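A, B, C and D are the chain letters, set down in written order, and residue numbers restart from 1 in every chain.
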Amino acid sequence: MKKIDKSKTLTSTTTTRVRFGEVDAMHIVWHGNYIKYLEDGRETFGYEHGLNYLYIYEQGYILPVVDLKAQYIKSAYIDDVIRIETTYIASPSAKMIFRYKIYRDSDSTLLTIAETTQLFQTEDRKLVIEKPEFIVAWEKKHNIFIPKK
Amino acid sequence: MKKIDKSKTLTSTTTTRVRFGEVDAMHIVWHGNYIKYLEDGRETFGYEHGLNYLYIYEQGYILPVVDLKAQYIKSAYIDDVIRIETTYIASPSAKMIFRYKIYRDSDSTLLTIAETTQLFQTEDRKLVIEKPEFIVAWEKKHNIFIPKK
Amino acid sequence: MKKIDKSKTLTSTTTTRVRFGEVDAMHIVWHGNYIKYLEDGRETFGYEHGLNYLYIYEQGYILPVVDLKAQYIKSAYIDDVIRIETTYIASPSAKMIFRYKIYRDSDSTLLTIAETTQLFQTEDRKLVIEKPEFIVAWEKKHNIFIPKK
Amino acid sequence: MKKIDKSKTLTSTTTTRVRFGEVDAMHIVWHGNYIKYLEDGRETFGYEHGLNYLYIYEQGYILPVVDLKAQYIKSAYIDDVIRIETTYIASPSAKMIFRYKIYRDSDSTLLTIAETTQLFQTEDRKLVIEKPEFIVAWEKKHNIFIPKK
């Protein structure tokens, strides 16, 4: 993953407990279930920082995920409480990038790092090339706006 | 489950292999994942008998599940191929009832029996009291129509 | 569902927010995802009342779900916070029965009622006919033990 | 993704139909559900080429996914049949790498490309540094073995 300017980020943290149905035959969380945890992180971020799904939808946009990367370092087990740190990485272009660190909460073991990229589409699914004004305003309000070169 | 008039039913069969991510820490398919198999069964039924989701949607209806019953008799394991028999149970009222038998395909062990009930709603989510005409026509075509008393 | 003796029950409550990935094309929580909420409820119950999965497993037992019933009354939507009330229904026989009421938390609309039955098995998956001693002791401690007739 | 030596690969193809419960509020397959399709692809590969999960497990190994990358190019919709091409990328080191191309089957539109990396662990979850002998033998049999430099 690329180096980022840490002054242009914003972070939220949430915790969740591993569900029995989320672990696999190896007694660890099935790797595909982490995608839900990333979504938990993103939604918590949205609530805390005023950028939740319904608000974005009301502005006329949807945000499909176009890129996903995850590295699984350690495993989570049944009954583990995991902590999801979700960081918004401001970008000069019209995309929404989040990075995630997932920890076992009890001992802060780093379990997974991940990154997702979302693009803006209009409701009729046309790609949006220019960053929407409400996002520019939101980034400026949080002092994380990066102008295009 | 109630006794049914077997002359007023229609059945489809499909098979699927248990995915690794569908088994739980007991190495058996997590009970919640059977709900997906019921959906597989229902969708196969729809394709075979001309009643699939998109067609119903085009007629202006959605079909939320309002009742679900499942009995788990034996377990399915990783790599098992399971066979889903899905039976449409004609009803005089405006509902869509399916019964399911799920077998391990290799030895025809009965694993699960289940039943779902769906009601008709218009796209704006109003409940439909009268059975839609296209369903009446479809039931008549298949000789499973049961008139109201 | 059968009438129950309410003096022989024990209840826990937990809340969770609907995840984006849990809603379906009708913009409501896909009915199969409620099975996860039931599990959330059961696990919260286990933590609050000293009967969690790992503890039971350490006693040498697993608890497969053998029966599931759910009635879907109203729908949950994206971003809804739902409240899950999970009630342990003491039984004279060797089974573990839970009933669930799931509400939209904001206005306490009842969304779903459900019931699950689990049987006791030893780790090598033999059915246990007699209620395990640690469960009898746990029920007695909570004044919900019902002797066999 | 890195350039690969195409003579050292082996491919399998499978198809599956999008389930109703797999699409999200945007009426497209929720991005997290593609992880299941990758698993479908990997399991089909295992069956066709004699390297399925249970066989590997019987050799004393488990294969946790440690790295996952996915690019979402186009969307899959309800009722789409998707085609998953799964390619084993031989590596000189003790890892198992698969690349995936997921297409809409009807018109061969490329929907998603992905890559997973798995490491070998013993059943007691110790990392295996040397490629297991049964994998070396399997790669040699298929003429895709790459010796370490």
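Criterion: contacts are C-beta pairs under 8 Å (C-beta built on N, C-alpha and C of every residue); 3 or more make two chains touch, one makes a residue touch a chain.
Treat the numbers as computed from the prediction; the structure is a model and nothing was measured.
At the far end from chain B, in terms of centres built from Cα atoms, lies A. Set side by side, A-C and A-D show the greater C-beta contact count at A-D. If each chain is reduced to the centroid of its CA atoms, chain A and chain B end up 36 Å from each other. With centres taken as mean Cα positions, chain C sits 31 Å from chain A. Averaged C-alpha coordinates put the centre of chain A at 25 Å from the centre of chain D. Among the residues of chain B, those touching two or more other chains are numbered 20-21, 32, 35-36, 39, 78. On the side of chain A, the complex with chain B involves touching residues 20-21, 23-25, 27, 30, 32-33, 78. On the side of chain D, the complex with chain B involves touching residues 17, 19-21, 35-36, 39-40, 43, 52-54, 78-79. Interface residues of chain A facing chain D in the complex, by the touch rule stated above, are 26, 28, 31-32, 35-36, 39, 62, 64-73, 75, 125.
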